[in-house]
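Same chain, two partners: chain A is paired with chain B first, then with chain C.
So, the complex of A and B:
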């Protein structure tokens, strides 16, 4: 039964059909599933399932990634309003685009997926200075700084991720705050994240959510 | 539906290579070869006065020998079948042997039908009557030499920008240049040398004198995108990477003017690098506006120059809204598995045959298919969409597997992959969204657009119906859509012929720059436009 719901939901998402996805969710609610069930038993497993699909079919296109994130975060927001008690948060992430970079879509997709995984997002917007990433991460007690960069110079420049790493190092925060990066340049060169001093990277928003949740667990385990 | 002009096949053998050209009856053999890699030797503008363009007749129908050929070729040479290529007109299918071709040059003439006729208010001139127009593109450099006194185009050349080895798109180029001072100097010199080389090629082949002629050039007008201008002049490249500078003009005019003049050996020329409008909106857009006479229609007109960096201008009757969007590289083959630029072997057109499923591929130079250039890729995807092989979401209805969908059985160079479709969707969505954003910003709708001028990459090969079906171009009536291959060059040429007033400054004063990065909602529209479907023509304008 639940498997059917997950399958239908995923089919709709994969076809970038938002209305159909919401219909699946509404039907599930009508059948007596609670909002908590929807999130933990449908949306989150669906994202995991989607991750498996994408690994097998790496050609999922941008619209699909975007819709997956968009639908998942909209469903989550709607369900959260109906939760009986406030949900338990997995962790906190500050996210933004690297300094000089105004490409906002990658950040939106990653945020959407993270929200659906019950991660709290502090969105710093675009063109974010390294100092601000670090200050906000400290202020919000975030475990991860997530930096999106779509251009070669914003991904590799001295004032982007490299500087965030330098600041974390100088302030002795490296075990408390991890850095995740992503965006087109990292997809062309899978080793680039190391060069710029990040702890992890991901090729798409859905795997990004998993990568970042793993980093949160790593920090929390300490 | 197509004009019935009689075509003939011109076959030329040279050095073990063969060119098959489809030409109009009446075409001059030298002119036809000048657009290819096999060129005849030449030292006059094809007037029959230098006698260098000797070529040997094999078979077929052409005009009889002209007076010039009687003067330049001996009776025994004529007996052997030797002729002067500039004097031969094709009458029917014909075949020739070129035993002594010109040295291989990367500079070719632009096909005459791809040029825009240009007239101007001819300047009053006594000296230095020649002028040079330069379109400094990211991928191509195009130049033309003019007699400014008579308003006559002497010749033109087109070739690749040699800076491409440092990166296909403008940012990679800027990043490379900013690495070291030496590197940026090297890149500037590459472009400068390329222009000089093209100019020398014209002087040597179309006039017959080089050094004395260089002194006779009185004016050079150069237009290009902001990054190309900055790289050429060695000024402004670092400002370009900072978004704070994008809304306003960036100073990328050469610092030391004289050094440049001597480098080019043009002692009497006024070299003018036309200033860019903003960070990523170059003077190539201003040149397009001039070249297409965008502001001359009574109603609103939209111009889109699709290239590595796509630039747009919307004329609403009073002002020009301009912007740029990075949607181009996919259409030049970048990031497409079998993508390539418009070179021999590129599939530039795909048609579905009457049987409903077999495909007919047309390649440039009628060579074996080596990949798709922009127009071919658009045809291909539109046809796959039409036949249901592709869904509007961009997914194949049946996964074609790792080899992709083959347009031609057993030729892997004709494969289209899901990744290619995604890249094309991203590119066309960026451009469509930019057009919509300009309309919204001036309170216009598609219905009010009288002219849509499409310049750049596609030249005249674009199948408009296909571009409309996938949502790259709006579904306007065909008579409102104009395709231009060389608008930027035409704009420079027009400016060359209108000494005194600067046309570029005139139009620059009418522009208002929009930076799409700061337009709220651009990203939502962008996602919407990823779908392969016609552009929404009746979108409601929210104010």
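So, the complex of A and C:
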């Protein structure tokens, strides 16, 4: 039965049909599934399946990525209000677009998925200075700074990720705070993340959520 | 043969000494003239001079009338562009902040009378005087299904596109399509001879095939129905689109395709065949860190893939200002060498 729910939910998400996805969730709740079941047994497996599809099928499209995150985020917000006890948080991430960059789509996709995966998000918005990324990460005890950059100069410039790396290094924080990057320039040059001093990158917003969770686990394991 | 004759012969499948080589060194023009980006882009004569100097220095085949992509948003009311000394300008103030603004959005009756067009017109006039009969003059036009992302931001546009309300979505795209029709006519009248039709939402990388057929394709038809597709190049903003090339040829009659570096060039060439022009595009983000030898090797690979059978052009994508000059020289020289038919 749960398999049917997951399949129907996934079909709706992959068809970018938000209304149908919510109908599946509402029906599942009516059948007695708990809000916790919905998140941990439907939404998170759906995100994982989308990651698998993206890996196998490079033609998976941006609309699917966006709706996967959007629906997951909205369902999570709705379900969290009904949880019997607050869920255990996996970790914290400070996220924003690099200084000089005003594109917010990638950040929004990543944040939507992270929310469903029980990661606390501190969203700094767009055009974020390197100093602010670091200050906020320290203030919130975040394990990861996630930097989105859609333009070449914001991805590679001295005041973006490179400066965040420099600041972490100067303050001796490199083992406590990891850096993840994403955005179009990194897709065209998969080695670029190393050049700019990031610890990891992801080719799309959905996969980025897993990359960030992996980095959180890496920090927590130390 | 002049570059424009080489391009014309290549499109027609007639003999030419070499492939056409297109390049876009937009932001580099400011550096060449010793101006800030903001000062450079403020004057059409600066942009024209910068582009003519870039073409003259490296010897590629085309010149660009494009200032920056956000220029189209300015024609629709955007009044804030964020300039950077290290990269492309950004739209910093969205014209559409909520859905009510869509009803208020006005497409100018005559875009050539709009103050934001004035400098573009000056640029085109200078380019036409210098380049007519010698070099293709390129213009960049954003499709109606993509222009909303410049007016309201990509995430807000995706949200409206995917979740509606559909009547609001369609009102916005109709206005963008009206704007497109006026703009393509203005560019043609101004002397642009190659029109880059930028349509990322016409790529299966952005939308699924169902939405491509039911949404993107009908609007693209509308965009192009008045002005026709002569000298129009299909381009999806560096996103791959091999899967829809056949649809675009059949339904839009666009036969020149600017293939993403992330796509399979051989497959694209095979699909297009002798029906049109295949444009192979170098991954110029990698050129930032490549050596000149690596750049040459990639140009060689692209030419070997695309050149057999003719009807092949080599082009560039973003050409970030961080690319070393030596790599630009290597790119153009290698394109002439490996793109030679003699």
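Basically, the second predicted complex is superposed on the first by the 222 of 222 C-alpha atoms of A that agree within 3 Å, B and C clash if a C-alpha of one lies under 4 Å from a C-alpha of the other, contacts with A are read in each partner's own complex, and residues count from 1 in each chain.
As a working rule, a contact is a pair of C-beta atoms (placed from the backbone, for glycine too) under 8 Å apart; a residue touches a chain by one contact, two chains touch by 3 or more.
Please read all numbers here as calculations on a predicted model, not as lab measurements.
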{"item": "Fit-or-clash call for chain B and chain C when the two complexes are aligned on chain A", "value": "clash"}
{"item": "Touching partner for A:100 - first (chain B), second (chain C), both, neither", "value": "both"}
{"item": "Chain B versus chain C as contact partner of A:152, first or second or both or neither", "value": "both"}
{"item": "Which superposed partner A:185 touches (first chain B, second chain C, both, neither)", "value": "second"}
{"item": "Touched partner set for A:63, first chain B, second chain C, both or neither", "value": "both"}
{"item": "Dominant contact partner of chain A by residue count, chain C or chain B", "value": "C"}
{"item": "Touching partner for A:108 - first (chain B), second (chain C), both, neither", "value": "both"}
{"item": "On chain A, the residue positions that both chain B and chain C contact, one per complex", "value": "15-16, 59, 61-64, 66, 70, 100, 102-105, 108, 127, 151-153"}
{"item": "Complex contact set, residues of chain A against chain C", "value": "15-16, 18, 58-59, 61-64, 66-67, 70, 100-105, 108, 127, 151-154, 156-157, 184-185, 187-189, 191-192, 195"}
{"item": "Chain B-touching residues of chain A, taken from the complex the two chains share", "value": "15-16, 57, 59, 61-64, 66, 70, 100, 102-105, 108, 126-127, 151-153"}
{"item": "Partner chain A, residues of chain C touching it in the complex", "value": "82, 84, 86-88, 90-92, 153-155, 158-159, 161-163, 204-208, 211, 238, 240, 243, 261-262, 283, 285-286, 288-289, 318, 320-322"}
{"item": "Chain A-touching residues of chain B, taken from the complex the two chains share", "value": "171-172, 174-175, 241-243, 391, 393-395, 399, 417-419, 421-422, 425-426, 517-518, 523, 526-527, 530-531"}
